[in-house]
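This is the structure, below, for whatever I ask next.
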Amino acid sequence: MAKDDINDDEVAREKSARYQKGWEALTAIHGETGMAVMEEMKKTSPEMAACVIEYAFADHYARPGLDIKTRELCTIASLVTQGGADRELEAHVTAALKAGATKQEITELILQMTIYAGFPKALHAMRVVMDAIEGA
Amino acid sequence: MAKDDINDDEVAREKSARYQKGWEALTAIHGETGMAVMEEMKKTSPEMAACVIEYAFADHYARPGLDIKTRELCTIASLVTQGGADRELEAHVTAALKAGATKQEITELILQMTIYAGFPKALHAMRVVMDAIEGA
Amino acid sequence: MAKDDINDDEVAREKSARYQKGWEALTAIHGETGMAVMEEMKKTSPEMAACVIEYAFADHYARPGLDIKTRELCTIASLVTQGGADRELEAHVTAALKAGATKQEITELILQMTIYAGFPKALHAMRVVMDAIEGA
Amino acid sequence: MAKDDINDDEVAREKSARYQKGWEALTAIHGETGMAVMEEMKKTSPEMAACVIEYAFADHYARPGLDIKTRELCTIASLVTQGGADRELEAHVTAALKAGATKQEITELILQMTIYAGFPKALHAMRVVMDAIEGA
Amino acid sequence: MAKDDINDDEVAREKSARYQKGWEALTAIHGETGMAVMEEMKKTSPEMAACVIEYAFADHYARPGLDIKTRELCTIASLVTQGGADRELEAHVTAALKAGATKQEITELILQMTIYAGFPKALHAMRVVMDAIEGA
Amino acid sequence: MAKDDINDDEVAREKSARYQKGWEALTAIHGETGMAVMEEMKKTSPEMAACVIEYAFADHYARPGLDIKTRELCTIASLVTQGGADRELEAHVTAALKAGATKQEITELILQMTIYAGFPKALHAMRVVMDAIEGA
């Protein structure tokens, strides 16, 4: 498949119902900051941006069965545990607050993560999270 | 410090307000299964059992600021992400159900974890979680 | 959304072009064993099976730009590094052989992983991989 | 390079001063159990066994500058932290005891690992370690 | 529970015997740098600072059964293995030197970690550790 | 063993056939950039530099049985999965291109890693990889 065909594929991809559904979920959850991050990723890799929008947002966050606030808190728990994802951690703290989580709920969660992820990861996360809360 | 002094310390430790507060939280959240696991761990290592009861349960789960259902779902997210903790995963699925989480909320969470923890960990967790839900 | 609507969604999902494309890629790469694993996963969680077929197989393995043999060897490298995924490791060793990788290429890769994933993970992987090669 | 040449290489490899030095260190630290594990690994993959003997034992454990007891305790700390290495964990507990570590030193270390590796990994390790101590 | 009650709890917490015991262990092991790090963390999250002082220092480092030098070397092994904890790694290298570890013992440990944590983590740690040794 | 003896050992080490074989493989695969990184590491820790040259390059990359292009792509897969190794990731992207991998093969691999390593690690890797490709 030639490079031009791939570019054509990407254009078609963005017009699909799945992509549109994902973009709407992204916008509703992460607002203008989330849109800006995706526009930036599209310049780096349109395929990667499409994977995020289609798989993470259309196939998961847009599904019923678990409210966005709980989804965001669980994502924070996963990010603290794997470490090395400060950028995503900040974005999901902002999204959790937007979905109705309180500052106290988020900090209680980080404290609880000392049990499961260990202290070095939880201590680092507390610094990142408090900065994101101040900036929100 | 001689071995006997350490044993005396353990006896005193179990009488402390902190240990009692932790044991109550453990009982409320994990029921008889949780108590049995801790009695078994006390035979292996009374110090380790005391750390779990005092630190995890008295210092964290007994704190206000985040409800037990959300704490349990976030713990599940962390356990799926780090992998290798099937025993804890089962226990926290049972505790999440006991705290009012639905089967669908838990399975949605595991599906969402494909995004953050990757497919191999989420696929394995889905098998463990579905067994725990059946057995609950 | 009621449970019946979700089941209807799953039926519609399996008829989609994306699901069909993924199922074809799965069949071509993993053969009857892969189909059996997916049928089993569908009983545990039809949503999880659909995520694997649609996202892993339709959105990635079916894409041009990287041959299946190289994709499989890179997947093996990732699985050895994260650990705890013996079942997937076996399946991808079988798929790598089917795609034309030699036994020696796979064992060289596992030896090389001592450098990046450390010896405990590589030693364990060598045992799993050699069993999979014998059984292939 | 043909398969026979590789086998010839392995024979030559085992005669090298580096291999011999590693084998002596392995024998001194892990005794007959360690030798048996390596003989088993040689049947699975002679190259992997040679990597362990040459790199781990000749290039590291045989070096001066850090005593074997401390090396073993640090290895245990690393294994608890990465998880999924029960077999190595047992072997290094036995080696630590052989090098003069006390049962109490090893269990204190596992308790301390709750701080850095998190409770699920430390709890699992305590079970494995206590079994290894009983069996030693 | 209102915010003021939580603040009152924190004040009471710092007066407890457990907190005082932890603060003394922290001061003895990490000196003025450790105290400064904790004062900084108290501004970010007094609860997190209390968890570190009470759980890590009062409940573990202040316990008999394993000397501080060995505790510090094992902590370094754990931090190298999990990665992403440069700040803690520096602090524990300084503490290990203060507890009597030699520069050579620490660098031998980092070399040994190539076996268990893999080369990328050990190479990165060697850079961080050598900087901490120079600055000590 | 005194410090001078260790320095003498290092000088002898660099003259060995194994070290020379490793240095040649390093030069062939990573070119002048790789040599510069090793010269820098020799100033930080000559023993660590020797471990990389001898173990990674002489004992693995110089072995037959797996071509350098595939070795480099598999190393990239491992580095994305473990995270926290941007410096090595850049170096191995450059080496993969030098060994004949195309830009598209590398980006397809990073996209595929969303499945196994999760999105946060793959998204971060895509940014690092695209920078390395631009700079190559």
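Which chain is which? They are A, B, C, D, E and F, in the order written, and residues in each are numbered from 1.
The rule we apply is simple: contacts are C-beta pairs under 8 Å (C-beta built on N, C-alpha and C of every residue); 3 or more make two chains touch, one makes a residue touch a chain.
Please read all numbers here as calculations on a predicted model, not as lab measurements.
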Set of chains whose contacts include both chain D and chain B: A, C, E, F
Intersection of the contact lists for chain B and chain F: A, C, D, E
Equivalent interface positions on chain B and chain E, same or different at half: same
Rotational angle, Cα trace of chain A fitted to chain B, multiple of 5°: 180
Separation of chain E from chain F, taking each centre as the mean of its C-alpha atoms, in whole Å: 31
Distance between the centres, which are taken as Cα means, of chain C and chain A, whole angstrom: 25
For chain B, residues that touch 2 or more chains besides their own: 51, 55-56, 65, 79, 82-84, 107, 111, 114-120
Overall pattern in which the protein chains touch one another (line/ring/star/complete/other): complete
Interfacial residue positions of chain C with respect to chain D in the complex: 83-84, 107, 110-111, 114, 118-124, 126-127, 130
For the chain E and chain A complex, residues of the former touching the latter: 41, 44-45, 47-48, 51-52, 55-56, 79, 82-85, 87-88
Chain D contact footprint on chain E (complex, rising order): 55-56, 60-61, 63, 65-66, 70-71, 73-82, 104-105, 107-109, 111-117
Chain A partner contacts - residues on chain D that touch it in the complex: 115-120
Chain E contact footprint on chain B (complex, rising order): 1, 6, 51, 54-55, 59, 64-65
